[in-house]
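Below are two complexes that have subunit A in common, paired first with subunit B and then with subunit C.
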Partner chain A sequence: MTWRIALQLALSGLSVGSIYAIVALSLAIPFKASRILNFAQGELVALGAYIGLVLTSYGLPYAAMVPATLVIAAVFGVLLERAFIRPIVGAPEFTLVIATFAIGLIIRALIRIHWQDNTFFLPAPYAGPALAVGPLRVNPAYLVIIGSTAVLVGLLVLFFRRTRLGKAMRAVSFNQTAARLMGISVGTVFGSAWALSAAIGALAGLLLAPVIGINPEIGHLIVKALIAAVIGGFGSLGGAVFGGLLLGLLETYSGALFGAAFKEIVPFGILIAFLLARPQGLWGATQVRV
Partner chain B sequence: MSGAHKLFLALAASLALIASVTFAAAPAASEQGITGDTITIGAFGPITGPAAYIGLAGRDGAALAIKEINAAGGINGRKVEMIFEDDGHSPAKALAAVKKLVDEDKVFALFCVAGSNGTIGTIDYVKEKGIVMFVSFASAPGVTWPFAKNLFRGGTTEVPRYGELYAEYLVDGIEAQKIGIISGREEYPKNEGDALTKQLQKWYEIKPAKRVEFNIGDKDFTPQLLEMQQANPQVIAFFGNPAEAAIAMRQARELGLNQPFFVGSNMVDQGLLTAAGPAADGVSGFALIPLVPNSSDPAMKAWRAKWSAEYPNLPAGRPNTFDILAYADVYVLAEALKAAGKDLTSASFIDALENLHDYRVGAIASPRTFAKNHHIGNLRLQPMQVKNGEWVQIPWEGKRPSDILKRYQ
Partner chain C sequence: MRLSHAVIAIVAALALALPALGSSYQIYLAELVLINIVAAIGLNLLTGNCGQISLCHASLMAIGAYTTALLTTRLSITYAVALPAGVAVTTLLGASLGYPARRLSGLYLALVTLGFLEVVSIAIEEFPDVTGGVRGLSLAKPDLVGWPLKAGALYYFVLAVTALSIRVGVSLQRSRYGRAFNAVRQSVIVAQALAIPPGRIKLLAFSIAAAFAGLAGGLFTAVVGFIDPTEFDISASLRQITFIAVGGLGSVLGSIIGATVLTLLPEALRGVKEYSDVVYGAILLGALVLTPKGIVGVLAMSFGRGDGKARLP
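Let's look at the complex of A and B:
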């Protein structure tokens, strides 16, 4: 393998990994706040893409469509949390997992009722011919994906460190009872976490749509995002990003070096290795049960 | 005669009367799926998942044909009803769908608009049950070879025929000696890649310059394309689904691979152009129908108008090749059902299908011919190329005689 090929593969792996990272982030945020793993997150990715499709069909320009989609998705996230999650928030983990799984299936079924499994395409203004960067060729859509991930991570860092709501989310994630005693509205934090998570999921859908098209399965990468979150450490935002990028790179290089079959084997092999050797992930905190 | 005897005779006479009336009204009641006024056909294909573009089109094309046939009075006084099941492009789900259609819904015959992946899961069961299955899209060899009396293949052809045509076109037609193959790991694209590899070796003693595989639903083809770049073939043959091919073609151009692409027959369709955009220019392949769905030929324009009136809200890329194949194959079934007569049975239906010769519903479809010794309805494919964003026919015709039918003799 030449250096040029190795670098081209790295670029490709980072692009794929960035999408895993965004979806892993959207999984980690509500988990951090409420300890609920949202198995409907893949469908929220799909929903974002379809909201963008509908808004575009009504003639909304791309620059207005993106923020409008994120706002609509955030509102949907709040409604989801209030209507379905909060009433069962104290239920056993298994019940919560099944509930989010069911919500995902319902969203996907509702999408299918109207659009079926036809593939739609969402044009993006940045789509165009590849850019030459030295010996490398770069798809502008992939640059936007990588750039968006970097910007999103920066904004989330600022949000969690500088804003009252962000600090409240961190406090709730450390100790709900103490946070409540300090006057923090845990319910507001939960709702905000789901809103943020749904908006980030929708962003992933909008970024993916010009590259692979829109259909109800666009969010199926939830499994890879889960693996990324496990690698990085569930609840660690930096870990989710690192896990996503690492997974994207490993998948791409293993496919190039050992064949397509290994693209499927490697992620799950890594997952099992982490679960056996370091179940808390690279940056996750070890939990001691007493 | 005692009272008991009189009562017995009266009861027997009543039963005989009821039976005679019942059987007169439904002469073919012994065949499942047939009543005095309906023929029930069970259909299945993928309407969810990565191959939904074939199943949705298969279902819609078939439904349009059935609606027209029923509006014209049905078949020998009976209306056609279709029960459709999703197979999710999975052999196991396809088998479950077929078992439901045959054992619970009691359909008369099966109309398969599944891909090869789903179809192969059903073949053993269909052979065991002896029910007629008419396969519209799947090219998997097992449908028609080894020969089974109750299995028919309509619009598509047997995959070794793809291998013959592809090899001859690539080597004699565009004079390529170095051929790269990228194929999916599922049944249909793997079969196409294997058939091309085998035929290149058999007829020309050429081995592919490089053959690489991918997983169904892959979104990144950089590793495969970099291998192609190193092998530097004159043409890249790609076998998979249009969404995958579109990504691969765009990425190929981004990586500086300027070789022409050749694609499997399932992709010679508007759907690929919608997905790939300008990256599809120069792509060639063989169409299963003589006119592509967006053709400006009057026959296709008229058919498209009918289809659009029935399905006004479907996305760009529809109707596609599979809408037309299913539509045309339902008319093939209808023609045979009509010829089988009012006393319809599976045996008379098979006999009528085997006597169809060069039947087609119109210029939008290829003619279908079946025989007593083989059930491959179509051996003709139309070479096409993308020029200025549209599929156009190319004036090339294979000269080598096909070996496919020899094994049936």
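Let's look at the complex of A and C:
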């Protein structure tokens, strides 16, 4: 493997990893707020892509379609939280896991009823032939994905450090009772966390659509995002990003070195290894078992 | 108890008389109901009694199905040997999953079992020379040591195996192990204080659930005659969870009722076949939110002592 191929692989690994990182972030935000892991997040990613598709078919230009999609997804996230998640927020973990799975199943089935298993392509203004950057051939979509991830992470850091809502979310995640006593509306925080998460999921769908096309199986991505979240530690936002990027790189390099079947297996090897040796992930807080 | 004995007698009589009364399609449906009952009993022991989430029950069923199918089709081994062999292989793999999983619970267990599900489906799809891959695998007609299982005989065979599984399920639940499962679900610390080793009990629950799943898979190959990986994906696992969540967690009767109602429901809703996943998802969500104890809990409330404590098996 020459250094040129190694760099080329690093670039595609980082772009795949960025998508994992974005979805892992969208999993981590509601988890941090309410300790609920949304197994329907993959379907929210798919839904984002389909919303984009519908808006584009109505003739909305790309620059208007993206923010509109994010807003619609955020509203959908709030509705989902109010209708289904809020009533079972204190339920046993079994109920929470299976309920979010059921929501995902319903969304995927509805998408399949309307669009079948066809793959659609979402036109993006930046899609085009590979650029020559020095000795490398670079797909512009990869650069957009990596760039958007970097911007998203920056915005989230600002949001959680500087804004009232961001601080309120951190307070609720730290200690719900104390946050309530300080006058923070925990319900609003839960709703906002789901809105933010759904919008970030939709962003992943929009970024992914021009590269691999839109079909109901996009939701499968959640498995990789879950592994990324396990690597970084659930509820750690930095960990989610690191885990996503690491997983993308490992997958790409192992695929190039040892073949496609190995590439499929590697993520699960990592998952099992982490859950056995370090279930709290690299940055997750250690939980006291009671 | 007289009422319940009468109900059991009527159901048994109907089940025995079905080949004489029903069409071949109705017999086929009844066989699917029986297979789903076997799978649901296993899952309910693990999830309902022992409290362990499993998202890979369908993959364990796949392992049983593929083992039985490959032994009968490729090696021409009689079904009478292939079926127990499938159960044995599935039990071993279930135990090997349970071994690392016994230290985990809740969310992390859900992730490990989800990973197992993915690995099994990758394994089936990546070795098409052996498993038929995504195109599936057609099977030889089942025979018990040279005696072919024709339509009616196959039905009675499945019925007998299911009846045996129900009996085993009830006995297991009432045994010291069944009580240990319940103890581990309710509190690991209390279980330990009662000298119940939680790790070993969870491992046992995983192995037993796998054995039932493997048996269901082996029966499935004989009844359907064709298997492919989509039969055993995450929606299949969720359907099985729906059986027990709707029927009643931790109850063999709940497994039977849930599997029966939810296998026949899509038939009742024929014409809206594409909506079946939507209907399943909605029923599952509704059952989780509205009736945590399932149909059996509702029945116990109406016929039982009125305090909602299910005294049904």
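Definition applied: the second predicted complex is superposed on the first by the 289 of 290 C-alpha atoms of A that agree within 3 Å, B and C clash if a C-alpha of one lies under 4 Å from a C-alpha of the other, contacts with A are read in each partner's own complex, and residues count from 1 in each chain.
The rule is simple: a contact is a pair of C-beta atoms (placed from the backbone, for glycine too) under 8 Å apart; a residue touches a chain by one contact, two chains touch by 3 or more.
All values derive from a computational prediction rather than experimental measurement.
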> So, on subunit A, is it clash or fit between subunit B and subunit C?
Replying inline: clash
>> Per the contact definition in the header, classify A:Leu105: touching subunit B only (first), subunit C only (second), both, or neither.
In response: second
> After lining up the shared chain so the two structures overlap, which partner does A:Pro87 touch, if you call subunit B first and subunit C second: first, second, both or neither?
Replying inline: second
>> For A:Ala261 in the superposed arrangement: first (subunit B), second (subunit C), both or neither?
In response: both
> Which holds for A:Leu271: it touches subunit B only (first), subunit C only (second), both, or neither?
Replying inline: second
>> In the overlaid three-chain picture, which partner chain does A:Val97 touch, first (subunit B) or second (subunit C), both, or neither?
In response: second
>> Contacts for A:Glu217 in the overlay, against subunit B (first) and subunit C (second): which applies, first, second, both or neither?
In response: first
>> Going by the contact definition given at the top, which residues of subunit A touch subunit B in one complex and subunit C in the other?
In response: 112, 261, 264
> Hey, which residues of subunit A end up touching subunit B in the complex?
Replying inline: 5, 8-9, 12, 15-16, 112, 116-121, 129-130, 137-139, 211-213, 215-217, 220, 252, 255-256, 259-261, 263-264
> Can you list the residues on subunit C that touch subunit A in the complex?
Replying inline: 47, 51, 53, 55, 100, 103-108, 110-112, 114-115, 118-119, 122, 126, 189, 234-235, 238, 241, 245, 274-278, 280-282, 284-285, 288-289, 292
> What part of subunit B is in contact with subunit A in the complex they form?
Replying inline: 47-50, 52-53, 56, 185, 212-215, 217-220, 222-224, 226-227, 229-230, 243, 246-247, 250-251, 253-256, 271, 274-275, 314-318
> Which part of subunit A faces subunit C closely enough to touch in the complex?
Replying inline: 37, 39, 84, 87-88, 91, 93-95, 97-99, 101-103, 105-106, 108-110, 112-113, 223, 226-227, 230, 234, 261, 264-265, 268, 271-272, 275-276, 279, 290
